[in-house]
Structures are given as C-alpha cells and as structure tokens.
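For clarity, chains are labelled A, B, C and D in written order, and residue numbers in each chain start from 1.
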C-alpha cells in the first residue's frame, strides 16, 4: 500500500501503519506523508522506504506509481489526511486504478462525499472507510446476535461517545489535532459530530442494521471562541419505529474515549464499551446477565466474531487490532477482486456507502442544530 | 408515624417500614394500610399494632389520631399509596396538624401538586417527598463537590434511568404495580416519566443545584396497547447555559434500576450509579480517576456524605439505608420543629418544592412529547 | 431481645440494633450496654428504653429479666462485647433459659468455646453466631449452586479477606476497636485470624459444605510492636481432596473489607465479593460468564437466595440487611422453638458448631504459624 | 530476525510475528518453523519468505545465515519452540554470533538454563526471554511507583494466575498445546508452574524489585491421569522480610488468563489485572482510590510507562502490544550493541538472568511440592 498523509509528527499515521503491518499481509511500499516535502522525506526515511518511493505530493505518488509494473506498484492507497484533503487524492487514486482506504469522516462535505461515491461507482474499484470501531470482534458478535433475532425487534438504542480532550481551547496552544479539527477550513462544518458523532452513527447502524430516518439535535460550541461544535445531544428515530439517543461530546472533562452502545429489543438488551472491548454484555429480564468474551477459541461466539480474534481468550486485543481487522479485510477483498473470486462476506469493512452516510449524518445534525433542534430527515 | 397505604401485598409499604425502623428513632404507631378494610386490618395485625390504631380509612385515622393526646398520637403520616391517592390524605393530614412524608410523584397532576403546596404554606407544617436516591451518601458527596466548585462551571449532564420491567404488557396479567402505574386513572398522565423520569430530574437538580429551564422530549408508548408512556428521551437545557440529556425507560429489557448520572464541568466530571451506590467516580483530564467511597470513617469525604453513612467503609449500604436517611432527616426536622430549634441543614430531604417541581416536569415532558418534542419551558 | 455490650461509643452495637430492627419482628427491650454503669445508662436512655430495663451489668440483666413474666421478659440476648466477654454472659444466659446470639469469634479460646457448646447442649436452647457474611442472598445462591452439583466436584478454593485498617499502629492512639483486638487479654491468641480469618473460614465451609482437614499457615505480626498477628497466608486442604488458599490481612493498606471467595469445580467456577454483594459471578470454560443478581423477584434464583432478599432487583441491599437476615432467621427459629414447630430450614444462621469450629480454626492456624507453617490437622 | 519454531498450526508463532511486525522496525527474514520440513516450508511460503531463507532445521538456518553478508543475514533469532527445544538452538545461535530472544520458561531444567547463561556470558551477546506481561505499560508504572517509594516498604504480595483450560484432560484429545505442556519429555518437570507460575514469579520480582528467598508449595495434579502439576498454591517470603502468596492454576474452570498482582506497602497498595491491562489501581487507607490509565499522552504517568504506550489514552492496547514492547526494546538494545552506544535503560526486557531465575523457581516449587510443601530456599 501507499500512504497519503501520516507524517511522523502526528499520531494517526503510525496507528494505521501498525494496523496494516500487524498481520503481515500488507506492505507499505510508498508514501506522500506530508504536503511539506521535507517532512514527507523524513518520514519515509524513518520508515526505511526506498528513496524513489517517497513522494512529496499525492499527485506525484499516484502518477509515478501508476507507471510502475503491476507487480511492483502499490495496490491501494490509505488516506489519513485531515478531512479537507480526502476527496482530491481519493478521486485521483481511483482514476488511476488504485483502490482506496480512507479515514473518516469521508469528506469535507456531503456533496463532496457523493462525488467520491460517483467515482467509486464509475471505476468499480474498492473503497473502504476506517470506522475502526466496527472492527472489534465483540461488535461483530453484537451485530450477529441482533441479526439472529436474539433481542427480538429493536426498540431503543443509546449510543454515546464522550471525550474530554477539547474541554479547554487547546487549539490555541497549537495542539495539532485540535487545530485542524476545530478549523472549518480543514474540518468542514463540524468538529465533534464529524469526528466522533459519525463513529457513533456508524456503530449503531452497523450493529442494528437499522437506518436513522429522523433526528433532532441540540448542538453546542461550549468552549468560548470555538467556531465549530464540541458537543451534541441527538434524538434519533429509526426506520423500524425504534427510538434512540446519540451523545457526542469533546468537553466531557475526564473522559477518554468512552464510546458505548446499548440496544434494547423485545427480548433482551446488549451493551458494549470501547474501553473494555473484549466483553459484550447481554441482558434479559429475569435471566442472569451474560458476559460474552472475545477469544479465537470461544466456540460459543459467532463465526463473525471469531474471525476477528487473533488469539485465544484471556489475551486482550485492542484498538490497533480492531483497525488491523479493517486492513486485513480490505486486503482480502482486494485479493478477491484481483483474482475475480469472492471473499468471505464476514470479512467486512465500512464501505463508500458508510462514508457517504456519515457525511449525510453530519450535515443533518448540524442543520438541525442550527434550527434549535428541529426534526430533520435523513 | 402513621402509614397510609402499604398493605402487605405490595412491596413499597414494607420498604418504608424498614427504612423508618432502621435507626430506631421512628415508631410506626398506626396505619390505614388499604382502602380494603380487611386488608388494612390484616396488615396492622401482622405488624403487631394495637387494634385501635389500625384504621380502615385515612379519614378515620387522621380524625381519630387528632383526638389523641399529643404525646400519644402519631407525629407524621407517611403516604405510600398510588399517585391518585396522595393529595386528599396529604391535605387532610396537614389540616389536622400532621406533618407529611409522601411518595413521589407528589400528586396526580401539577395542578393538584400546587394545591398541596398551598396547604403546606398555609399550615407551616413539614412536608417531605421520598425521592429516595438523594438519600445516598455519595449523592451528597457529588452535590458537595459541585457546590465547592471542584468541577468548575457545569456544562453538560447525562442522567438516565433505564428499567426493563415493563418490556412486556404485564399489566394485563394483573401484576399490581404495573396495573396502577399504566392506568391513567391511578397514575395520571404519565407512567414512565412520572415514576422514574422524576427521580432522574430530581437527582440532577439536586446534585447540580441547577434548574432545567427548557426541554424537548420524545415520549413513547412502546408496548402495544399501553396508554401511557413507557419510554422517554429528553433534551435538557439549564439555567446556567448547560445542556443535558435525560433518559427514562421501562422497556430497556434486562435492566434493573440503572439510575446513573454524569456531570461534566470546566475542570472535571463525575459519575454515580445507583447499582453501585457506595462509589463516586471523579474524573479530570490528564489526572488519575478517583473513586471516592462511602464510609463513616472516611475523613476525605464531605461532612454531608459522612453524616449519611452508618458504618465504616467496606460494609456496603444500600437502598433501604438511603430511604432511611430521608426518614431520619425528616424526623430530625420534626424534632427541631417541635422544639423550635433548627436542625442541621445537612440533614436534608426532598421537600414540597421538589414534589411540585417533579409534577411540573412530568407535565412539561408529556406536553412536549405530544407536540413531537417541541421545546417547552419550565 | 436484650443486648450485652454495644454502648454508643462503639459501632458494632448500633449495627446490631439496626439489623435487629429492620424487619420489625424483633424489639430491643433491655440492655447492659457497658461494664461502665454510666455509659450503659446513657446508651439505654438514648435508645428510649425504660429505666428499669437498663442494666449496669449482664449479671443483673439476666437475673432480673429471668424474674419477669414470660411474655414481658427478653426472649434472647445478643452479645456484642469483645471476645473475652462472650463466654460468661453466654453461659449465664443459657443457664437462665435465654437463647443467645453471639458475636464472633465465639470465645476467648477453643477450650472456652467447647464449654459454651456443652452449655448449649445441656440446655437445648438456641445459639447463633453472627458470621454476618453468610446472610447475604448471593452467598446462599452460591451454596445452592454447589449443593446442586452445578460446579461438579470442588477442586480448588481461594478465599481472602484483605483489610488495611491496621497498617499503622493505631492501637497506640487509643482507637477503641484496634486497642482490644490487638490486646491478647481481650482478643485471645489472635487478632487478624480471629477477627477476619474466621469469617473467611466460615464462608468457605458454608458455601462449599466441605471441611478443612489440614492447614499450613504463615502468620505474621507485621507492624512493629504488635503482639498478635495482623496477617496470615494459609494453605488449605479439604475433606474431599480439594485444596485451597486462605488469605487474611489487616495490613493490606488501602483495602476496606475485600472479602472474596472463588470456588472451582470440575464443571465451572464461581466468585463472590462482599464489596459488590448483590452479584454472583458464575464461570464455565467456553461458556459466557453469568452474573446472577440478587432480587426478590428473580425467578431464576434459588429459593434459598430469594428468601434472603427484601426488595426487587435493582435496589442494592447491603451489610445491615445481611446481618438482619441472621436476626430474622434466629427469631424465626425461636418462634418455632417456642411453638414446638419447625422453621423453614432455608432460614438458616450460623450455629454453636460454627462458632466452635471457628475457634478450632484460630487455634490451628496460630499453632501452625508458631511452627513455621507446619501442617496441622483440624 | 529469524524464527525457530512457530509453524502455522500453532498459535504462538503468529503472536510473535505480529508483535515483531507491529512497530515496523523488525523484519522476519528467515525461519526454521518446524522440525517437519514440509510444515516449515509451508509456513515460510505462507509468510512470503524467499525460498532460500526457509530452512528445514535450526541447524541449517544458523549455519547458512552465518555465511551471509552481515547486512543481509538475520540479526537475532526468536525461539518459540516447546521448552525442551530451547537450549540447543539458543546455544548454537549464540555460538554463531546471533542474539537470541527465547520463549519462557527458558529451558528444560535449571541445569540447562544455567548452561545457556554461560554461553551468553562467554559470547557477550544479548539474550531476552519473553515474559510478555512485563511489557505492559501499567506494569512499568507499578514498578516505577514502588521504586519511587510511593508505597513505602513492601510488606505483602499476592500474585495469581488462574486459568481453566486444563480442567479436562484435553491432552488426550490431541490438543497440541495441552499435549506438549503436560508431557514431561517436552515440558520438563512442570506444566502449570513452568507455564504460568513463572510468569507470576517474574512479574512479582520485576514490579517489586524484591527477591523470593524461601517458599512452601502445595503442588497438585488435579486431573486424573496427568503426570505433571496443573495447580499450585505457594507461600512466599522475600528478601526484605515481606511475605506473599502465589497461586497458579490451570484447573480454575471458567478463568481465561486472570493474571493479577496486588502489592501492599507501609503507605499504600496497588493492583493490576492482565484482563484489564490499561488500568493500574492504587489504594491508600483513607484516601480516594486512584485509577491510573495507560496513554501516551498522560503526563501524570512515569516516563517508563509512557514509553510503552503507542497511542493516546482511550484506545485500549493489549497483549500483542505488550509483547511488541519486548521486541521493540530488544531490537533497540541490539541497535545500541551494534553501534556500541547505550540504549535507554527504560526500554528494558527480561534477560537471561530472569530466565535462569524462572527455572530455579520451577525446580524449587516442584521440590517443595514433593516434600509436602516443605520450605525451600532459592
């Protein structure tokens, strides 16, 4: 693979590289790691890439790689730049025949996202979006339990993603992540909803296989002087009549990444927390609560879950492993694509549709917020 | 004290009696335990009350007790009947000079609640409402931390009370609690919001000392055939500009009483769960999380918290103890009232204002729900 | 009941009084609360006892109560004095026809304990020992699961009771509890093993229905200047061949009362923690972990467990309720005894045999400790 | 690096390969993955190794790699074979100038371990042992807190490693791991103590910087027909006078890898669990409990801990990351060795001394067990 963005001075690039490397099936062969040529080269050198595969712009990388023999050139690009720098490289990569795995949110705007979608459709190439949390094995287990009807018809969902890291205006102190995420020119119309609200939205639609059809969002910029949102409380309604709540916050002082989902159906409920990702809690009125635990050797787990565990139960797997599952599955799909076979549908990953959906969600939430939490359809 | 309602075939009466008995300062001297005379007498007998202090109606009880010498008659009444049977006995008791401790929600309607309030004002007597959860020591600790400014200005609150017990239409099977709570003639305009939503509202206003000024509520009757609500998702706005979420549900299948509150301020956040009541979690960005633990011997706790612990740390106290704190504090206030002294203000209990506020909350939520979650002020 | 010991300046008396009062079936009618007459009278007054039922010595109390008409006099005595003051009042009470409920450890020595046992045998009266932890509903559930063979043959047990309160020599600062517990003249040959080791021993034999047949104990006085033990690590062997570990410590700095038991059998394991008493964790290889939860309404629980819950699930019950279960069951046994009927065997409580067994355990552990952890039989 | 052992049909090889690959600084260049030539070649092919770097025996690998130019040949070998196949390849590799990273326990016997130690000494090369658990960041934090005296003098340690996977005689069903671990010809004199007891021993000595000087071990073969131990309860004494307990079990039915350590000192205690590795619990009498959380961005953590976190707090890291820390640190040491510089001492890893110590521990425990838990020095 080739990487766009992800220089050494950020953290996201290195996470992607670790995730891609974990299973030994993906090799980083080139990169345009920064729009700053010096920084790109430094990064490439640090990663022991050959000089001629370190590029100083994504345009250069895509153009030159496309000229390499098929067995030498990168097979796909991984885009880990800020939001406003997704669409152009994605479009160019697709145009030159490269599959794309792109950070979320997919694009700068819903409009832009739909255009990427058209490129994908036109080229017939593969496109993945790194909604990492759906890569956790117990998220797969949750999806499987619901799909099999173990909870009955879903009635209520509570999904939340509280963080505290933007409780203070750290963007003014030059913290890199904070700077671009709170900057409309780089992040688009949303900070909090775009960064973590979309994760919550993606997780809930993935696990339940329901669609949010309507929402009412109370959106805030809590920290003085901040242009974009840093907090949102959202009422949800789903296509099967279920209702829900989505909470996203970057000013929940003291919270790390407390992504949590609870789903209640006619026959039971389930709970999953990202901070304790190897356990899925399943509840039912007047029954003992069940803790289902990740582990490649747990025969009681669904095949979907077990396929996403690397090691036997009792050896905790974490965030990098979850992202590695996305990389592995994307690579498996590319392999199948190239060989004109089909890959195991359980080796799934978030697709261009998920990415577009996320952008639609962001725009709808922000629109509702601007109208005092008016109901908006999506 | 004398009890109105609380016959042996329910559960709430016995909880109140245990709570009142726990500290050895309150004696049950009489009761009108049921409108069914036979049942009232059976209950009184089972409780070893003298025959002449077992009454077959609250009217009889209040009238006859009022005629007893001051040192013999009951000092206050505890009302534990369904919602529609609060106002009449409360008014009559006050009129005859008895203090009143009343189950929540205070009344059948906001209108009725305000009338009780007028009776209280007119008589100058004491009136408590059993919002039991504010009796927990670590709730006191949370209130104290916020009052002392440890979290800074409050910005966001998440309060939730998910239960699963009404996931099925058990009211049709004659389950007593379910029958009256889902019956508008007995419960009033709300089931879920009235029963548990008010607890959440009371808890959040108690801990933060903020007022909800506006809300938008998505209210549902999820179970087919149910007239009243069994689920509500509510957006909150507070008088200091903070925002929040309140979730109340009786169809969260598998949940017991997962009352939980999280409060986030400029400088930190806190979390308290009723199911693990002896721990208060305090978080702050880039600081170790603190677990503050109940215990009469914990010198690091506030005086407010320690006054509500009975035993040293490590001996868990629970729901009955929390309710006993309300009874003890109410009795202490009566004692001070009778002796024209003042009781320790830290020995607090929910008052008539809390009760009226709760009814206002219910009416506002239901009104918002009927208008598709329109914003309503309160 | 009448109480011996338990003046207001300690904490244990008030816990017993709360536990006895909780269910409304036991009335405190008299007491000799201290060998200090003034303190006894102050305590009795504070408890609103009539002057003539407040005694200044247990001898006086037993003698005078015995002369009262049967329907007026106390039915049993509750002894809550330090260890060295159990045997005499117990023997005297039995001699005068009173049943006895006694704090643990039963006596000053194994020898003394056996003598109390002979008195009990001779009189045929009831004798309970307040090993409070066996009163928790989920301890009953654990016992029931094992009795029903759900874990198969028991193979290994780990029971531990770490506390931190004696990490410093607080006995030198006049802390009352610490003073007598570390004083051989009042506590006997052991501090830590006598106070909490016996709880662990009682819990493990109660839950498993096994007997410890042999042990090897490494016993320490960690804090400089302390005569008695404050820490013990014990290897256990059981009559069915199972092995185990028992840990008791009062110098586990930072721990409250982390009493915990784990039992492993051929087919599964279970875990119970006193600090989270309403949950019983049941595990089995390659099965989801089960959390069984206390609650009078949980039909999946054993009758034994449900009989020891007062309220529906979700309302935590704690230590006082556990002790109240002992009082209630003891009172039910007395009732049956007086009426020559039999009480429900599930309404059980620790008996004289448990008390004697505890003293044997203490002596055996201390003896092993003195011989560098030599194996000792019991 | 080159790998010895670790064919595709086991699980440990792939864990090591993932751990080595994670940080992008170690490349697998060759391997002798099995003594079965066909299996070794299949594995090498699956890993995309060039044909001429896939060897059919470790002797062939070491000999041929040694003949390659220095910049092409492997720099170190990773040995992941069963216990009886550690010493020979280790000695041969050292003899040919290769550093060695070896699975634990180090060898088949203490005797053999000491001989490896002599080879290491003679060659002056680097030798690491994969006691993976010391690679967790919060284990580093625990070590740091104790080293800085935050707990004061250590008084008591409880370390335990309960597993349930050998509750049934699965070695008879051909389960590969179980087969060799329970077979004296492959595992040596111990199964349970050798496999997991040594982890516990290593962890406790690493965190506390104390040495076990004496132990008394009750060792069992619980499952019928099993030759080696599957359970051990061990009393410990340390060189500073502290005492402790070590529990290792493979028949704790239902447990995964519940490695847990608790350390108590004069001024406080700490607790760490492998199943929730990103939290370190620090307790102190009459102080709120502290939860210290892993995260590269947590400035309150020690440098030692932060150097072993890859990503900001809230993204759980797990077992593979812990092992990857060992690989990364070992590689950093090799880099420093080759460049004749010194690497950061905080980038530490278990050394040959730890490996020898582990073997001594195993022999001592088994010897004590054979003499009915007689005290043995080490």
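Some notes on this structure:
Here, a residue touches a chain if its C-beta (ideal position, glycine included) is under 8 Å from a C-beta of that chain, and two chains touch if they have at least 3 such contacts.
Model, not experiment: these values are computed from the prediction.
More inter-chain C-beta contacts link the pair C-D than the other of C-D and B-C. Each chain gets a centre from the mean of its Cα atoms; for chain B and chain D, those two points are 55 Å apart. Mean C-alpha positions place chain C and chain D at a centre distance of 43 Å. One inter-chain figure worth recording: chain B and chain C are separated by 34 Å, centre to centre, where each centre is the mean of the chain's CA atoms. Within chain B, the positions touching two or more other chains are listed as 255, 282, 287, 289, 293. Taken as a graph of touching chains, this assembly is complete, with every chain in contact with every other. Residues 282, 286-293, 297-300 of chain C are the ones that touch chain A when the two sit in their complex. Within the complex formed with chain D, the residues of chain A that make contact are 11, 14-15, 17-18, 21-24, 28, 47-48, 163, 255-258, 274-278, 293, 295-296, 310-321.
Remark: chain D residues 151, 155-156, 158, 160, 162, 164-165, 167-168, 216, 218, 220, 222, 231, 233, 235, 237, 243-245, 247, 249, 251-255, 262, 264-269, 282-285, 287, 289, 372-373, 375 touch chain C in the complex.
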